[in-house]
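Notes for the one structure printed next.
Letters A, B, C and D mark the chains in the order given here, with residues in each chain numbered from 1 onward.
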Amino acid sequence: MHVTIWNENRHEKKNPEVGKVYPEGIHGALEQFLQAEGRTTGTAVLDEPEHGLTEDVLNKTDVLLWWGHIAHDEVSDHIVERVHERVLEGMGLIVLHSGHFSKIFKKLMGTTCDLKWREANETERLWVLDPSHPITEGIGEYIELEREEMYGEHFDIPAPDELIMMSWFEGGEVFRSLCTYQRGNGKVVYFRPGHETYPTYHHKDIQRVIQNAVSWAAPLNRPRPVYGNHDNPLETIQPKGDL
Amino acid sequence: MHVTIWNENRHEKKNPEVGKVYPEGIHGALEQFLQAEGRTTGTAVLDEPEHGLTEDVLNKTDVLLWWGHIAHDEVSDHIVERVHERVLEGMGLIVLHSGHFSKIFKKLMGTTCDLKWREANETERLWVLDPSHPITEGIGEYIELEREEMYGEHFDIPAPDELIMMSWFEGGEVFRSLCTYQRGNGKVVYFRPGHETYPTYHHKDIQRVIQNAVSWAAPLNRPRPVYGNHDNPLETIQPKGDL
Amino acid sequence: MHVTIWNENRHEKKNPEVGKVYPEGIHGALEQFLQAEGRTTGTAVLDEPEHGLTEDVLNKTDVLLWWGHIAHDEVSDHIVERVHERVLEGMGLIVLHSGHFSKIFKKLMGTTCDLKWREANETERLWVLDPSHPITEGIGEYIELEREEMYGEHFDIPAPDELIMMSWFEGGEVFRSLCTYQRGNGKVVYFRPGHETYPTYHHKDIQRVIQNAVSWAAPLNRPRPVYGNHDNPLETIQPKGDL
Amino acid sequence: MHVTIWNENRHEKKNPEVGKVYPEGIHGALEQFLQAEGRTTGTAVLDEPEHGLTEDVLNKTDVLLWWGHIAHDEVSDHIVERVHERVLEGMGLIVLHSGHFSKIFKKLMGTTCDLKWREANETERLWVLDPSHPITEGIGEYIELEREEMYGEHFDIPAPDELIMMSWFEGGEVFRSLCTYQRGNGKVVYFRPGHETYPTYHHKDIQRVIQNAVSWAAPLNRPRPVYGNHDNPLETIQPKGDL
């Protein structure tokens, strides 16, 4: 199983505050704890050729993590198509935080994926709604983050196939924070927390959820279904009279 | 409530067989039975300017029906964006038969919407799975069509919010034939039957389902949620210490 | 359409505080605003013979509202069976607040329906998650209640068919507050607010949601499906050789 | 991981035809292929004390398989309660074929679980609707069974959380054949095929689905959520004025 971590990697270069929280970049922080459990990983960033998502890289990727924020528009439509096709073929996709506005997530959802937001150092508490779901393994009844950016409803997404966690925010809002979707042969996870100026990805429970999500989103070993013309019926069709 | 019926209207011109079944076009046949129950309707076809879907037409449309097949690619992306935005604003959309491959349906679903198909004059039987759903009002346990085109699974769509009817085909396949989805403020219905060479839209039960779907997909009288920055919290946020 | 409002009606007799908020009982308050929009209504309470839910009453009831709290165990299993059967036949059921622990709701859900709770005069804010749903017609982005009892996750229910509103509580919890389920030919709504010591059912938006829920849960005019042996196949079955 | 296979084991004793197909009983056939992949298993049958489902047995069981048909009523309510509680605690439950009418399945569903049926040696073809689901790993686009009992819609169950396979029957019906549900901390699978007079459980693909279902339904290592009074809020609640 190979995990590729994609990061826009722009805040890290512009904002020293972010550099202090994530000295190896957000992708570096994600890679570190995934490797710590023995995952085979690679990283890719916006400014690499083909954004680091060449056909070779994507073909060997089982699960792709996606973090982006201020440069969604710079991601080429061609690469978005390539990622989309891989998801439908079975590659897992885990969209993090401000990735809600990425081209790939909007394309997979069919909606604007818009939401309310506020940067105000406020407490977030993510409650588990589905204690039977493997992505919650090892997590208590909730995860508390002392400070995070707020994302509030309405979140303009299709009703999730599975709604697993729901956030409470100090300022008065709620948010569907851990959602899954099936698309073709692939599985998609959206996980809300992870604003660039907070140490969210250093939090053990947040790491646990992402580790679990990687396991859950792993592809099956099966081909895409066969589509198109099926002239040969599986059963005999009786001749019908004139219309 | 204003219903707009959009039809590609190409088979009707090229294939005399289709002209015999639907002398006023497929849009004409749909309009006729919708009007018979007192609906205010209009039609629009591909070859009109802006495909007949001007801003004026769409702004006054509460529910849009969509039939297309051989010319999906000729529908301009600009008009697809306009329809998409109207759906998210609340306009109901009812996608019929080969409309599964229309740009607007694929955009709303986020998948290929591909399927298996066969033209072999075969029997289709649509079974009701959800007898509590208003779209099934007035329908028995199933609708039987002596001859139809086959559409078979796998149908590459997201898991429907509601799966209401499921088709049995003489040649051995099954298909999710009546599905609903919520997208933004809008409601989307996919309804499978309606191949152009068969008198499907003259069938009373098929008409009943479409009438019911129009009622069900009608927009609410409510604005889109407010998205974006919400700097003013609804509750007091406590100051936090240094990170 | 006939609406029956069932109330345990015990707090009203024991607690003068409740009597002040609901001088005609909770059922009286519910009836008043339902009648104000022209509904035909009736009420039934625990201490009537058959709890007021005779076969005659239930047979003419299209939608049943249910409020109970301290005397769930006094509801006879026989009457619960009768209500259950009517729901499966198509009668709408709207379960309010502490009705989450009623026998009928637990029977329909198959789970304990347990939750966290606290009586602390705290603010509740119910956010709309599905702005396309008819039960939210006429409601803004949220409903704010200055003081209510808290119900917190985990709420031990099956994943709702539709999750329409989600509550934020001042004390730090969240809750799935407006949920729908399909059961047989019937539709079930759970709506959280309505603690007996608060004037929640006098709030215009809460009344609006309940009015909308009554409309949404109305039965279709269709019989139960036919179950059991179907010896006569709809299609010819080919003889098979020996096993 | 410990798998317990529960079987009514009555047909096997009464009907020599069944004995020929399943000389070790249906539970024996199920156990054989589960053990072949290294599962730790045990069996339990109706006529044992406590139906073989003592507290000790259930406490060590991670996933329970259930096959019953002609003696559902002989299963004691007390044992059904015990199994129900274990499911809510996290034990996986896989209900097979005529187990649709078992007390435990009806209790978990909240509906009658009724359906249409016919014994006519007819072909069944189970189509995969969700190619991303781990229960379909190793299965092609469909499973074909030359002869089976027919189960037809309407199947009186709640809308499944996940609908994974759908059956086509030679006689003209369809059926939701592979469904999953979440209940409390537990996961429930219903899988249709397996009439006692056919060698269905000797079919490699049917065995594969059941193996996969066992893996999927395995419990997480997490306690039940805490329910009941939570007098201590997580956040400060502001005093409110008089009502």
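Operating definition for what follows: a residue touches a chain if its C-beta (ideal position, glycine included) is under 8 Å from a C-beta of that chain, and two chains touch if they have at least 3 such contacts.
These figures come from a predicted structure and were not determined experimentally.
Q: Counting hops between chains that touch, how far apart are subunit B and subunit D?
A: Steps on the shortest route: 1.
Q: Under the over-half criterion for shared residue numbers, do copies subunit B and subunit C use the same patch or different patches to meet?
A: Same: most residue numbers at the subunit B-subunit C interface appear in both copies.
Q: On a CA-centroid basis, which chain has its centre farthest from subunit A's?
A: C
Q: Nearest whole angstrom, what separates the Cα centre of subunit A from the Cα centre of subunit B?
A: Distance between chain centres: 29 Å.
Q: Just the number, please: Cα centre separation of subunit A and subunit D in whole Å.
A: Centres of subunit A and subunit D (C-alpha means) sit 32 Å apart.
Q: Of all residues in subunit C, which are in touch with two or more distinct other chains?
A: Where subunit C meets two or more other chains at a single residue, that happens at 123, 125, 128, 130-131, 141, 152-154, 159, 161-162, 170, 172-173, 182-184, 225-226, 234-235.
Q: Which residues of subunit B touch subunit A once you look at their complex with the stated criterion?
A: Listed in rising order, the residues of subunit B that touch subunit A are 21, 88, 107-112, 114-118, 120-123, 146-147, 150, 152-154, 156, 158-159, 161, 170-173, 181-184, 198-199, 225-231, 233-235, 237-240, 243.
Q: Which of the residues in subunit D come into contact with subunit A in the complex?
A: Those residues of subunit D that touch subunit A are 90, 123, 125, 128, 130-134, 136-139, 141, 144, 161-162, 170, 182-187, 220-222, 224-226, 234-235.
Q: Write out the stretch or stretches of subunit A touching subunit C in their complex.
A: 125, 127-131, 141, 152-155, 159, 162-163, 166-169, 172-174, 176
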